[in-house]
Amino acid sequence: MCRWAAWIGTPIFLEKLISEPEHSLIDQSRNALSCKVAINADGVGVAWYGDRPEPGLYKNVHPAWSDPNLLQLARQVRAPLFLAHVRASTGSATSYNNCHPFTLDKWSFMHNGMVGGFDQLRKRLEHGIDDALYLKRRGATDSEVLFLTAMGFGLAQAPIAAMAKAVQTVERHSRDVGVTPHMRFTGCWSDGETLYAARYASDDFAPSLFYHRSEAGTLVVSEPLEKNRSDWIEVPPNSVLTVSHTSLSVTPFIEGAREDNSPRVDDLIDA
Amino acid sequence: MCRWAAWIGTPIFLEKLISEPEHSLIDQSRNALSCKVAINADGVGVAWYGDRPEPGLYKNVHPAWSDPNLLQLARQVRAPLFLAHVRASTGSATSYNNCHPFTLDKWSFMHNGMVGGFDQLRKRLEHGIDDALYLKRRGATDSEVLFLTAMGFGLAQAPIAAMAKAVQTVERHSRDVGVTPHMRFTGCWSDGETLYAARYASDDFAPSLFYHRSEAGTLVVSEPLEKNRSDWIEVPPNSVLTVSHTSLSVTPFIEGAREDNSPRVDDLIDA
Amino acid sequence: MCRWAAWIGTPIFLEKLISEPEHSLIDQSRNALSCKVAINADGVGVAWYGDRPEPGLYKNVHPAWSDPNLLQLARQVRAPLFLAHVRASTGSATSYNNCHPFTLDKWSFMHNGMVGGFDQLRKRLEHGIDDALYLKRRGATDSEVLFLTAMGFGLAQAPIAAMAKAVQTVERHSRDVGVTPHMRFTGCWSDGETLYAARYASDDFAPSLFYHRSEAGTLVVSEPLEKNRSDWIEVPPNSVLTVSHTSLSVTPFIEGAREDNSPRVDDLIDA
Amino acid sequence: MCRWAAWIGTPIFLEKLISEPEHSLIDQSRNALSCKVAINADGVGVAWYGDRPEPGLYKNVHPAWSDPNLLQLARQVRAPLFLAHVRASTGSATSYNNCHPFTLDKWSFMHNGMVGGFDQLRKRLEHGIDDALYLKRRGATDSEVLFLTAMGFGLAQAPIAAMAKAVQTVERHSRDVGVTPHMRFTGCWSDGETLYAARYASDDFAPSLFYHRSEAGTLVVSEPLEKNRSDWIEVPPNSVLTVSHTSLSVTPFIEGAREDNSPRVDDLIDA
């Protein structure tokens, strides 16, 4: 389990999410509240969209709170869209390549969740990665497999459908090997123009997902950045949040999944 | 505040303290119980005495639990005397040179505690380091200053008196600048033959110090390695524990200090 | 291209190979002579056999010459058999998991060489790794694939035949994709009792392999540790050196390969 | 000895100096031409002036060529003024705190050179650091001492005179202990608006210093970024180059020093 935060709006310094708030990502790396694991000190990363189509990427295995390069970057770099992540390993090693976000061309992805029986599935899931993308597999996490699988399913053309298909595909493999929970997924991805964040689980325990909307922009988080949660809107399970600079919507993520619990479109804003 | 453990006895694998016990040093790095700071993830180190007079030294700024080199070393290296430490910074940076233990010739030292007003004192304390030892000052911690000051006071000739004088000297400087607590000190040092551990504070809150004695040897710790503390003997404040391969004693540390609370020789064992 | 050295004999400190000789491994990391790449600063590693059946492993991405932990370990640890390696990447990233040696159970392996067209081959080679070993694939190097492939072919039962089969298998895949040189291989592997080192290429340019034998033991290297090479015996191409504590032999490595150049058994010593 | 490059002009991506040119700083880290040490792999750093008065700072001990965070930062960050440095240690350890540039408030500083007898001088030079700046002493290099000494002499008020006084002061101490060369100095410093670079030695061997002026701005380097040096102007010994966004001058650095060799104002451009 990990913690993450993303921003889309007017350009702000990365530190507005990473180190400044009362319950900033760095604070969460020491004291997560909504998370099964209180310490998220197995790596940190940020992907930001600046003057190029592809994002910049900074990742490190040091605890976020003692990484001077992260603090400097967060203080100096300003971006209209960025994803930031602190990691608590659920098994794979603490290494640069296992840190989130993952990037490919102009796309970035980060994740909090798990795949049941991933160790037994790793070979077949990696074999399922598109040949053309296989060399982009650098680490050993389930999260990177999900991202590359979605890229192979055409994330660039169908950002929500491809991710939903990747999640369903991996969940199906997990059902084959019979390890529960099959899928817990709160992912966030972007092409630098639109930010997507989905919340889903194969059981009743989808990891949390919230957003906060202001005139300046929209903040999307796995856990609110203030201990007072009244200003934060929770995204329901099996839903995907789509935020551009001018619109925001919450729609169903995986069609037909967990119908008893299916979300409705509960929010649609034209800015 | 930090956590540490030391061993003197028959040679054992380092992992017997570092990773194996229920409340091992690595467990303490995530979940310290007696400690003001619950996370000790600002560096880890071990000094062990092997086939040479001077100790081997391994230090790293990664959290102890995710450092594969530490786990390998702990699994492979066996020593009759070693000191191991996990660090929670009280201000100075997370860097190799600020990790404990510190070593010089055949001596090693590690510490849990603090010096009141150290930032204001740093220049004068460093200037007080013996000229011949000045280049050995590599980091920025109060702990390393205490060690080098004690070395300059003749730790090699008078291992207890020199350390007591160093602690008193630094405490006196702290009283000059008027920042409390002036001194909290639970230190451990060795020349590879005898292990010394002292507990002291300028106020009523000396950091904890325990030991556990078995046929195989003596374990000295800042916090017991099992949650059940019944087998552990607490060393009283202002006392120094001296353990060789054949004897153990607890004696007063700083003469004249805190008389109302002065320890008595409470233990003397001839093995 | 990388540089490596291995020892089997009476226990010696690791520094006897790593830092002490005129042309030690650390010196080679700055100034390789027989190597296409003069700087080997993309990681360092050592696997040593101590008090346990499985080897200890230390690896790091820092240049060997400035890694205080490596220097300490090399100064303190003494072993009758060890493998040490400095890496110059031929493409894959500088990361802990890409450093040599690789270990599995009691086996260790390190390598200097390359596989032609490895990027195109990576998916099928990884898919060829035995299911039971797949999770041991941690990095992205051709070297680790060769090792795991050989383990899957029964390295533990047939240490030479399994490695030869792995090299041939990978070479055959390289011929399929048509990138030359298909295989350059100077590998070294051990189970803690016997040391194996093979030299092979699909063309006329097998990377160099030498050994030096004294009463104390046998040193096997990719490049001599002294600039004067007169005391060093070169292993011919397509040969495998087998050294135990009591015997040494050089035999053909891959049967039928490059017959025009096939080595003869040129050395057999009963100690 | 180290290699460095600095830019003042229209905002350019950091990679224009760090990784792109034929003889970029990263290429120089492997293959310096004008330098006594061919490999500069003991750390890398960059200070850039962006949207805040104080510079951003990125430093790392990994070799520049294999540091993915450096390459990302260099590719994404664009600045009108920045300083970049690759380090080859002349003695002090490879650590974050020993990497250049050093920064304080809005000032940054980097250096190629050495102080004769620095080990013997370290205590007195550190004691000479202004009390108010003493806590800013984080590492163990002569370069950081020079910078903090100059800051104490009023670098902010008199950027050239204070640096000249610091160099003279340290040189005088070196003459006291009698180790030659007393001073070799090619330093570069900035407040984010003006770039200063001085070249000086106590003997005839001042480290090299060049600049290249185009419409877009001025590049100042310890060694040209192309192997063809015809477009580069060498700064004479005992001179200081002062470059703002609108002017450039070369003037004497230390008055009265090495008169036989004293530079004249050889360049003055009004843009």
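Remarks
Every chain is named by a letter (A, B, C and D) in the order it is written, and numbering of its residues begins at 1.
Keep this in mind: a residue touches a chain if its C-beta (ideal position, glycine included) is under 8 Å from a C-beta of that chain, and two chains touch if they have at least 3 such contacts.
Composition by chain, UniProt nomenclature: A, B, C, D = Glutamine amidotransferase.
Because the structure is predicted, anything quoted here is derived from the model rather than measured.
Counting hops only between chains that touch, chain A (Glutamine amidotransferase) reaches chain D (Glutamine amidotransferase) in a minimum of 1. Residues touching across the chain A (Glutamine amidotransferase)-chain C (Glutamine amidotransferase) interface largely coincide between the two copies, over half of the numbers being common to both.
For the pairs B-C and B-D, the count of C-beta pairs in contact is higher at B-C. If you average the Cα atoms of chain B (Glutamine amidotransferase) and of chain D (Glutamine amidotransferase), the two centres end up 40 Å apart. Within chain C (Glutamine amidotransferase), contacts with two or more other chains are made by residues 68, 93, 96. Listing the residues of chain C (Glutamine amidotransferase) that touch chain D (Glutamine amidotransferase) in their complex gives 30, 39, 41-42, 61-63, 66, 68, 89, 93-94.
Interface of chain D (Glutamine amidotransferase) with chain B (Glutamine amidotransferase) (complex): residues 93, 95-97, 119, 122-123, 126-127, 129, 131, 134-135, 138, 140.
Interface of chain C (Glutamine amidotransferase) with chain B (Glutamine amidotransferase) (complex): residues 13, 48, 50-52, 56-60, 68-69, 72-73, 75-78, 96.
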